[in-house]
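Questions regarding the structure given below will be posed in turn.
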Amino acid sequence: MTKVAILGASGYSALELIKILLRHPHAQISVLGTRREDNPDIAEVHPVLKDRLHLECTSLDPKEIASRAECVFLALPHKASMALVPELMEQGCRVIDLSADYRLTDSAVYEQWYNTPHVDPVHLSQAVYGLPEIDDGSIATAQLIANPGCYPTSAILALAPFVQSDCIESTDIIIDSKSGVSGAGRSLKLTTHFPECNESVAAYAIGMHRHTPEIEQLLQRVGKQAVEVIFTPHLIPMDRGILTTIYANPVSPLQGKDAFEILESYYQDKPFVRVMETLPSTKFSVGTNYCDISVRMVRGRLVIISCLDNLIKGAAGAAVQNFNLMYGHSETLALI
Amino acid sequence: MTKVAILGASGYSALELIKILLRHPHAQISVLGTRREDNPDIAEVHPVLKDRLHLECTSLDPKEIASRAECVFLALPHKASMALVPELMEQGCRVIDLSADYRLTDSAVYEQWYNTPHVDPVHLSQAVYGLPEIDDGSIATAQLIANPGCYPTSAILALAPFVQSDCIESTDIIIDSKSGVSGAGRSLKLTTHFPECNESVAAYAIGMHRHTPEIEQLLQRVGKQAVEVIFTPHLIPMDRGILTTIYANPVSPLQGKDAFEILESYYQDKPFVRVMETLPSTKFSVGTNYCDISVRMVRGRLVIISCLDNLIKGAAGAAVQNFNLMYGHSETLALI
Amino acid sequence: MTKVAILGASGYSALELIKILLRHPHAQISVLGTRREDNPDIAEVHPVLKDRLHLECTSLDPKEIASRAECVFLALPHKASMALVPELMEQGCRVIDLSADYRLTDSAVYEQWYNTPHVDPVHLSQAVYGLPEIDDGSIATAQLIANPGCYPTSAILALAPFVQSDCIESTDIIIDSKSGVSGAGRSLKLTTHFPECNESVAAYAIGMHRHTPEIEQLLQRVGKQAVEVIFTPHLIPMDRGILTTIYANPVSPLQGKDAFEILESYYQDKPFVRVMETLPSTKFSVGTNYCDISVRMVRGRLVIISCLDNLIKGAAGAAVQNFNLMYGHSETLALI
Amino acid sequence: MTKVAILGASGYSALELIKILLRHPHAQISVLGTRREDNPDIAEVHPVLKDRLHLECTSLDPKEIASRAECVFLALPHKASMALVPELMEQGCRVIDLSADYRLTDSAVYEQWYNTPHVDPVHLSQAVYGLPEIDDGSIATAQLIANPGCYPTSAILALAPFVQSDCIESTDIIIDSKSGVSGAGRSLKLTTHFPECNESVAAYAIGMHRHTPEIEQLLQRVGKQAVEVIFTPHLIPMDRGILTTIYANPVSPLQGKDAFEILESYYQDKPFVRVMETLPSTKFSVGTNYCDISVRMVRGRLVIISCLDNLIKGAAGAAVQNFNLMYGHSETLALI
């Protein structure tokens, strides 16, 4: 039984993490952290947890956390994570960070996109990007996991097979993503106020979304070549789910069935990627840790569709998948 | 052409008011007021108005407003209205107040439900409750209209025919209302954050909602008898619309067709009440100034259903209907 | 390991049943039945099941089903269930019927509300109503379970403590229910066509809904007294969830805290009823087997709110809860 | 006053047409046609019209229609339109056809995409494509208008300024569209059954949608050059609205402000296109006849966003705009 802490417990990713870990036979939630000073029971913060978990949310210091938990999940905003990680790791904790702080290996790129200096370059260089489907075995022994962003997971899983097999022009990729509103978090904003975003769809942050360099970095690593993408996220009036539509040019003519086979063979042993002929709806994967992928050829161009639950495969589910690999459990434990 | 001002222009009721008045042949919007100090163009505040109205939102004092507008619509929170009304009226403006400040004739009742003293008892005593369907002719000459609340409109219109004809037990009425989220306004709250209220329904303020005394006061006036209601509002994951389900006991046995006839004859000359045999959906009336009403008898008890658009018949549409009556126009002008 | 069959596998309740049973350590789905003649894989019928269950949907006769499964879940429309039950039971199967066919003990009442004669009075007299929270121990040994309706579960659980303790007028109860659209099933109808029911709320079947006699029968049994209810269901634009608002008169004055205590003590040992002071949203219980209940006193009248997931606690989850009791497992197995 | 007929009156486009024409001072709806043989009043077909229009829906022959109406709006499926148009025109009616039957000038292209021969090539050659913003004056005198599709309107309006000014590579255009569910019509399908499409997003008909050749034909005409597009439509869980995201390559480097100016100058005199710096949400234009367009440059590539209401600017509103031009009225009459 591994004792785990979850910091940033009041958010949506943390809630999913709690729900998954409550079903995990080898994990025990021993610490929940929030910034609230009144130490509320978690069921006050997330009423859905009433009678399922009784635990006070506290604001402990890293030493105390480390005394009560081996593994710490950070469901914090960026900047907050890198302020805590050094001490937590010094205390011997293994950390799974769901923020963006340790995803970009180059701190200059981090500073450019997040407008803040990276204060923990030492651990940044040790962090392992926790996308199990493209992992080289590093996750199992990692002390610090940078858990992937939701959009990057949907884009990277759709593109990795094609980039790795060198069959698309890697600097001319268009990624058009559609996300449910929970992706914008639990903080109040006019854009996520119900009467504003309900019954409406909008693009946002065109050309400026911070997941852009994350997608490119990972695909570059997979493809060992320069990658450039145009990434356009959209907000969809639904709670959960991301559908990503990708347009790419094959370097040489490709048939639909060959494209399908590239996907299928890449993911044949991966339990959480479902390659399907039917075009997936986000509803197929919402509430699960699956990423569903399909592909079509249109006028010689690849159109790839991938769907996942932004809070599960795009956040909490992936974090538990990483946890399973780090602690030697079956990759799918508590996730199916 | 009547020049009109709309104060509180950034809210949802004000937006509907603007859209209706833009189509009104005898009204011209000459002042828009908000608390914002940067004097934004209204199309910045409500992008849907781009190219339809160019007007700066200002924070004028009552004297300046009166110099530019004859009639002032107040789409302000309670308390803010009664702080402005005395001066506006002194300057000679006629006022249509969409807040609750002048709805309850007894200032003690106001103070009990709104937890604040009423600071303008003089005008309170002159205010006319602006529900045209139960009006005795006072609206036409009123200087100050208390525009009805959205829930009260749906409840009063459904009950008035039965209360007036003395055919139900007026102290044993149950009103179960279901409202779209725009009814909660444009201010940010966790309960109206999309991922919290989407795909969910909840009751709130049971036994404590401030529309309760308003409903009772009006039905007492209509029925000339004591009225007591249990009022339970619910939040429904949709932008607009209220459906109110009412349970009442006939004082003597009543047939369904008689109940229907009571409704039909009461509203035969009222252009905005549609009595129908089919059970109405809120969608029938959303976007219109209609209130749809149907009735059933179940085990000797009346079950009345009424539907309306909370922002139109429940707010801005009713306000223009009052405006039409006050300025001698056809009651339906700009509303059909 | 108990082999189970699910007939009517293409519907929404069956899908939930499959998802729950896939996590059940002592159940194995061995037969899936549909009326489709092309024997599709279940993942074609419910794409969300791709890679989670590979099983052909067949249309076997009862003898074959019985040769492959000990326990049969019937997720069929009414009439279809009672056409199959006699043979299935003759073959030795235990049956959990999610239809209405065995819920009403009096076949005359069944015929009156369902407009069709009951063709299996023999088993009707043996059927056990499968609501574990009010069960007297009969479920454990039952050969045939009549699994409760979704509305009845929400109403009965809210009212049973008060009816049993004789503290409300049992013939003057108003039940106003709000249900998500999945409650209307997977068959196509104009009323559940997205552009018709989205952004809208409507009442339906006022005074005529078939769950009315089921609610009354059970409360009569619990309270040992006549029970009469007015039941009004409403369709809400959301996938899942029921919120039921109940109005009842105490026979003698009751305080809010006493009402709360009646609920709390009744359910203190029931793992799936959460009595809460906060007014529940349906979102608290959607995706779970919980029923959340809260209570308020308004002007001397009880207002009770109960929420549950219509497909889980209102159908498939309750069915597995019954299964657990029938086969000697922990009541909460696979359900938490 | 022009007497008009609307055939196919039971659909969503027809309903919008009726609502707009009821406000039109120079049009009178004199005939409503449906295939229903019971001649229902239109308020039975569309309850929202109760008390707003009393007119029987009939199934008249073209001669009778022509005797009662000068101008006929066809809100019919493809094939049904071209079966009626010859006779209607022979009888002297002017026709505004909202189906696809007269949009593609080349009947071979029609046959290829619609899998049916074109049976009225004579009138096909006379039909005028009714997109007023790119019209050369032909609409005013047309006897037969092919009213544009909803997706094509959003795509063509976004692209026409750039194609006409020869500043993008016209054979490498990606069009990624997101549409509300009313776009799929009022016929029942599993994909538009509420519990299937609510809370979900999906792509469909990738590379095969019939609006593809329509978009290309019009842009070719505007740009006098070959045009090839990849068009991917998506279904979004909302009633109305289309957002189209377009990716195109400038033939020579372009600044964001230049791109904006190309749009602004192209549409400076067009009352229904709003070029805006803010990224539009579909909610800005839903319920109106506006098309909102914005543009960004990302890594040297144009990203254009356009939004409109699929039933108004994408269907009924455009039809009335055409009607206004055909009958010499102000283009915006009844539309603002």
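Quick notes
By letter and in written order, the chains are A, B, C and D; residue numbering begins at 1 in each of them.
Methods note: contacts are C-beta pairs under 8 Å (C-beta built on N, C-alpha and C of every residue); 3 or more make two chains touch, one makes a residue touch a chain.
The structure presented is a predicted model; accordingly, all values stated were derived computationally and were not measured.
For the interfaces C-D and B-D, the C-beta contact count is higher for C-D. On a Cα centroid basis, the chain most remote from subunit D in this structure is C. Taking each chain's centre as the mean of its C-alpha atoms, subunit C lies 46 Å from subunit D. Taking the mean of the C-alpha atoms as each chain's centre, subunit A and subunit D sit 40 Å apart. Inter-chain spacing, taken between the CA centroids of subunit B and subunit D, is 37 Å.
Under the contact definition stated at the top, the residues of subunit A that touch 2 or more other chains are 180, 197-199, 237-239, 280-281, 283.
On subunit C, the positions that touch subunit A within their shared complex are 22, 47-48, 50-52, 199, 271, 274, 276, 278, 280-281, 283-285, 287-288, 290, 292, 336.
On the side of subunit B, the complex with subunit A involves touching residues 12, 180-182, 186, 188-190, 192-195, 197-199, 237-239. By the touch criterion stated above, subunit A contacts subunit D in their complex at residues 174, 176, 178, 180, 196-204, 206-207, 228, 230, 232, 234, 236-241, 243, 245, 247, 279-283, 286, 296-299, 301, 303, 305.
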